[in-house]
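Below are two complexes that have chain A in common, paired first with chain B and then with chain C.
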Partner chain A sequence: MSPDFLIALTMLTNFALVATSRINKAIQLAVVQGVLLGLVPLAMGLGRHVHILVVALAAVAVKGWLIPYLMRRAARQLQIRREVDPYIGFTVSLMLCAAGTGLSLLVAHSLPLKPGTPYPLLVPAALATLFTGFLILVSRRKALTQVVGYLVLENGIYLFGLLLVEEMPVLVETGILLDLFVGVFVMGIVINHIRVAFDSVDTRHLAELKD
Partner chain B sequence: MILYLLAVLLAFTSGIPGLWLRRRGGEAAAVLMGLAALLGIVAALRVLLGGASWVVGLPALPMSATGGLAFDAIAAWFAIPVFLLSAGGALYAVGYWDERHGNVRLLRVVFGLAAGSLALLVAAAHVLTFILAWEGMAVSAFVLVMAEDRQPETRRAGWIYLISTHTGTLCLIAAFSLLMPFTGHGRLDLLPAGFASSSRGTLTFVLFLLAFGLKAGIMPLHFWLPPAHAAAPSHVSALMSGVLIKMGILGLIRLVSWVPDPPPWWGGLFLGLGALSGLLGVAFALGQHDLKRLLAYHSIENIGIILLGLGLGTLGKAAGHPVMMALGFGGALLHVLNHSLFKGLLFLSAGAVVRATGGRNMDRMGGLGRAMPWTSGAFLVGAWAIVGLPPLNGFISEWMIYLGAFRGFTLFRWPWTAGVVTALALIGALALACFAKAFGAVFLGEPRTPTAARALEAPLSLRVPMAVLALACAFIGLAPVLIAPALGRAVAVLGPGTAQTDLARLAHLSSLTAWATPMLLLAGLLWAWARPGKAPRDRPTWDCGYARPGARMQYTASSFAQGLVGGLRWILWPKVHGGRVQGLFPAGAQYGSHVPDPVLDRFADPLLRLVARGAALLRILQGGQLSVYLLYVLLTLLTLLIWMVA
Partner chain C sequence: MAWYLIALPLAAALLAFVIPAPGLRARLLPLTAVLHLIGVVFTLRHWHTLPATAWLGLDALGGWVLLVISVLFCICAFYAPAYLALRPDRDHRILSTSLLSFLGLASLLALSRHPGMVWVAMETTTLVTAPLIYFNRNRRSLEATWKYLVIGSVGIALALLGTMFIAYSAHMGGVEEPLHYTRLMAEAGHLSRPWLRAGFVLVLVGYGTKMGLAPMHTWKPDAYGETPGLVGALLAGGVTSCAFLALLRIYAVMVAAGEAAFARELFVAFGMISMTWALVFMVRQTDFKRLLAYSSVEHMGILVFGVGIGGTAARFALFHLAANALVKSVLFLSAGNIHRSYASKQIPDVTGAIRRTPVSGWLFLLGFLAITGLPPFAPFLSEFNIAAGAIGTGHFLAGFAFLLLLGGIFLAMSDTVLQVVFGTPSPQRVRTPYRDTLATTAPLIVALSLALVLGLWLPRPLQAMLDKATELLNGTSQVALVEVQP
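Right, the complex of A and B next:
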């Protein structure tokens, strides 16, 4: 499989993510995206570097198994299935995502980056995924969907990191993975506390904490 | 090298065993800190007595190649007071800050962190290690100041300190980033010639001066210092005043050592700021009623004296004159050491007084000299040293700065060095008046309140650190010639070409040493001869004809200083309430006076109130919705992206 194909699939999952309202499906799509991205460095033929191999496998394991496991458990315990009534509707989100992807394709070539990447889709896909993650974070109400947004954002950063993967020290990569894990972990705790305090996981209630 | 690193490690971890020990955690911390001090001082003395200085790289960081720590003679010179006061403070805390206070364990751990950061900071030779140690010191000191956070006054002092130290760090980071292209991978070392005179060099200098001036408490950046020193526990005040604020001076000294050709106006600015800090510091000290605030203003004064020496040395370096460099830098460095000894001693004895009487107001003390002979003796030694009277150590360093100023006047006809002499003389006279007031009000006379009458002498764990510091003051004062070689090595790092000058001969230290002990003996004999030995000691002094004199009729600290405070009214602007007596046979009247800080109370407070009112408008942006906050981030990122591309 060529890396460009995987990257194109990633961009498609972005669209599916902003359009879905079922939480289980959103988690599933985030898993698919994470695993796809975990495979990209292998498809690039970087499997010969041991540290890249290890980090890619760790990424697949964390994003494909550990995080969805934690999130599904939370969803089960909280008894929520759907994201209803988001701040920005699904149709509008889809259009915004399309606009964001278009913008990233437009600006990616004018960015002052290292010239000569063999994968023309890498930078635009990274920017589009970042944008999608932010969109989900901004537009959804339920804390769980916001965690999905955080995951997508993280995927975008990972994709961007692939641009420098051969120069990037292993410390940075493991740092990213750790950051992701801690992020999800903390969000899990926060979700639980919101539920205990407000008997719901709607982040709207957090506005009551305003100074 | 191993010795010093081991000492730093011991200092860092000194409070940890106390977390688990049910009792005697303070003793454990004191033993560990004492061991650290022993190792650290031995390592420092080895370098100061001619051993080789060393460099150590930090593993696992990108700077391992260039070295993160460099232990030269200046680092060794500053390491001695760091370890001495840390160990003294840890021992002092055993008796002073015992288990009655709930946060005793936290305080011990953080005291160790502060001491370790200070010990690292003196040797920091890389931008990263410098900033790390600097922040470690600043933040742990914040926790220490906040020890009694139940009191609103302490919380206010702590926040003021935190804001000012972070402002300083901001300036420091800005200055280091300006310096970055001229250092090899962030290593702090000799800068290229000509840098100091460039406009970039000037900007860097101003930023460094702001950062280090805030830490050192140079007027008018001193405003955090009096409230923080007054609010902190006394062993913390001793560490802060003795060592922590000296790190600002260390920064300035390092800056002068990195620059091969400082422009003369740097030295002139140091002299001006030094005279300002010295004179205003002692003037405001005169107006204080709070014993620890008074000592804090004296720290500002002494920072001024150190700056005068530093300024003379910098002028000498600008002119390439080794004698000026030796006397100026030598006086400044020696005063750094001396001030940490006697100011540490004064704060520790003030702490013993506070512990015995439960308050800091001098007008509620009095007559403590009879109940607390050790403490009053220690305070007297500290006061004697700080006003610069022979035969104690304060005299030696001020003597060197005087000599430097005279030398500058005779050699170069620099008019401002005459100003230095005038300023030093004025500072010394006012400091003498101020300590006559403090010692008299606290230790002499009759107790003014029942609590003062019931005061007891401090326990042994408080008296031992005081005795050690007092002996150190006496040692430097009586035998200055012995420390001259070590001082010469530290000065040689600062000023190239001073290695040939003999500091001991320049400052006549050997004759001072030879004369000090006989003169002291002679003075003792005279005192013993002139002492009214026959008069009964339990009789009151003449009571001006009053039938029933009471303890409240004695001179208070305020009334003693009234003449000087009134004369300096145009600087101090004291606030007076009440005090008017009307009619014949007047009823009871009240009188109160206090001297507000010129920067904090008269300038910064109103200004910040205005800023806070303006900042309330920004509340609109704080909607309380997480999504909206994230939207701000997204919009910022998008704007930046488009701006970068377009």
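Right, the complex of A and C next:
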């Protein structure tokens, strides 16, 4: 599979993520996106570097298995089925996502790539994914969905990192791994506390503090 | 010596985690703080040239910030045992471990010579400070922790993307890893401009979120409002200073690349927005801890505003970092004492603190006067000089707006503070056993005295350090040649 095809699929998952109304579906889509992104470096022929292979495998393992496992467990214990519960409607979200993707293409156009870079889609896809993650993060009420948003945002950064990973492996890899760590462990722990304290992971309960 | 500054607090954190006795564990804090401060002062005494490829080393800017953090940590650490003794019901194993780890990671951040390492240090400080906010283990503190984590993580993710953008701009210019700051600044002319600018904006938003610049500050009032005053003081003076330093490092690269004008405009704009936003939310604020949080937003605004104006204003912005940290520690710790005494942090419940807890009441009042610019305290010196610098360099509008905002903030804050301090005590308040003791007030008195001394006299070595750090920010020096040997 060509990397451009995988990247295009990633951009499509963005739209599916924004439009989904079920938490299980959202988790599934995040898994699909995570695995797709794990395959991109292999399709780009970066598999010959052992360290990149390790990071890609770690990303697939964490995003494809560990995170969905933790999140599904939380969702099951709370008996959440279709609770994405957006502040913004799905149609508007989709339109915003489309606008964001268009904007990303425009912005990426004004950022020149190093001559000879074979993947012109990488930067716009990274920005679009980042934007989608941000959109999910701010427009959904459930803590679990917000974590999905954070993961998508992180996927965008991972995608951009692929542009640099051959030249600056240490910077990119530590960044990606640490970000994953935050996503999984810390937010997982806090979600667990929220569940215990409120018997729910609705962040609407987290609205006592305001001016 | 660099390793000592990082490893000592981390080793102490490990020790704090295994020590079972709470009293002993609490005493580990001041001990580590003093040893760390001695280490910092000792390191700063010997100046050498550092090889450009060194990964760790203190330059004037990092040294100044680390000195401020170390002094602040010392004040908080001496306050901590008495405070923790007041709350025997709370296990402080996690709190002590987190506090000490924070000191180690702040040292790592100040010493790092590579943007990636700085990012890692900043990310880990977010992780270790999150449990501090959850110290009270109730729903409100959980909410504050969730917001802190989500907003902070997004900020830090954007900062990572910004760092990668800057790395790509170097890659395009033919500058390859390892991208130490020294290297980035020396070859700044080759960096690709569009990527550098975009990277700077992302880094500004990212680290600005951690600093608490408006409009990315929304976690701040919640986090500062729900944590113990002890943690609030460290967050307001320590974590924010770390993020500011990380931002200044990239700013220095921008200046070296000749993009100073672009960066400065953004700094001035964010400074003005933060101060204005803080003023709006300070008016009729009934929660005095949230009031302090907005004051912190304001002072982060002053810091970036001063650096954005440049020249002497940049020098006094760096000086303001110390002034703000010292006075904020007085305010947060005395607010913590008052909170202990009244078991509330809301205005109608808390009035007449000066009669109930006279020392804390006076300290809170004096701290308020100091932070809003009463001479001869240190914040007056910096705020006055930043305004003078703005007007002196032709930024008339910005300079006058700055003064106007300071005046407005003084009025808005005084409304709440005067009620807390004076006011008529209502008869049916809850009575708590808390009384001011030497242990809960002496560290505050020391901090306030330091702020007073700094306002009148700055020791010569510190002046030299500030001058060097300012040269780095104003682009008037040759790339950070003078460094401290680790």
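FYI, the second predicted complex is superposed on the first by the 195 of 211 C-alpha atoms of A that agree within 3 Å, B and C clash if a C-alpha of one lies under 4 Å from a C-alpha of the other, contacts with A are read in each partner's own complex, and residues count from 1 in each chain.
Just so we're on the same page, a residue touches a chain if its C-beta (ideal position, glycine included) is under 8 Å from a C-beta of that chain, and two chains touch if they have at least 3 such contacts.
All of these numbers come straight from a predicted model, not from anything done at the bench.
By the touch criterion defined above, A:S110 reaches both chain B and chain C. Once the two complexes are overlaid on the shared chain, A:G161 sits against chain C while remaining clear of chain B. In the superposition on chain A, the chain among chain B and chain C reaching more residues of chain A is C.
Residue contacts after overlaying the shared chain place A:S139 against chain B, while chain C stays out of touching range.
Shared interface residues of chain A, touching chain B in one complex and chain C in the other, are 110-112, 134, 137, 146, 203, 206-209, 211. On the chain A side of its complex with chain C, the touching residues are 110-112, 114, 130, 134, 137, 143, 146, 150, 153-154, 156-157, 160-161, 163-164, 167-168, 170-172, 174-175, 178-179, 182-183, 186-187, 190, 193-194, 197-198, 203, 205-209, 211.
Residues of chain A that touch chain B in their complex: 87, 107, 110-112, 127, 131, 134-135, 137-141, 146, 203-204, 206-211. Remark: chain B residues 619, 622-627, 630-631, 633-634, 637, 641-642, 644-645 touch chain A in the complex. Residue ranges of chain C in contact with chain A, taken from their complex: 115-116, 119-120, 123-124, 126-127, 130, 134, 139-140, 142-147, 149-150, 153-154, 156-157, 160-161, 163-164, 167-168, 171-172, 176-177, 179, 192, 194-195, 198, 221-222, 225-226, 281, 285, 290.
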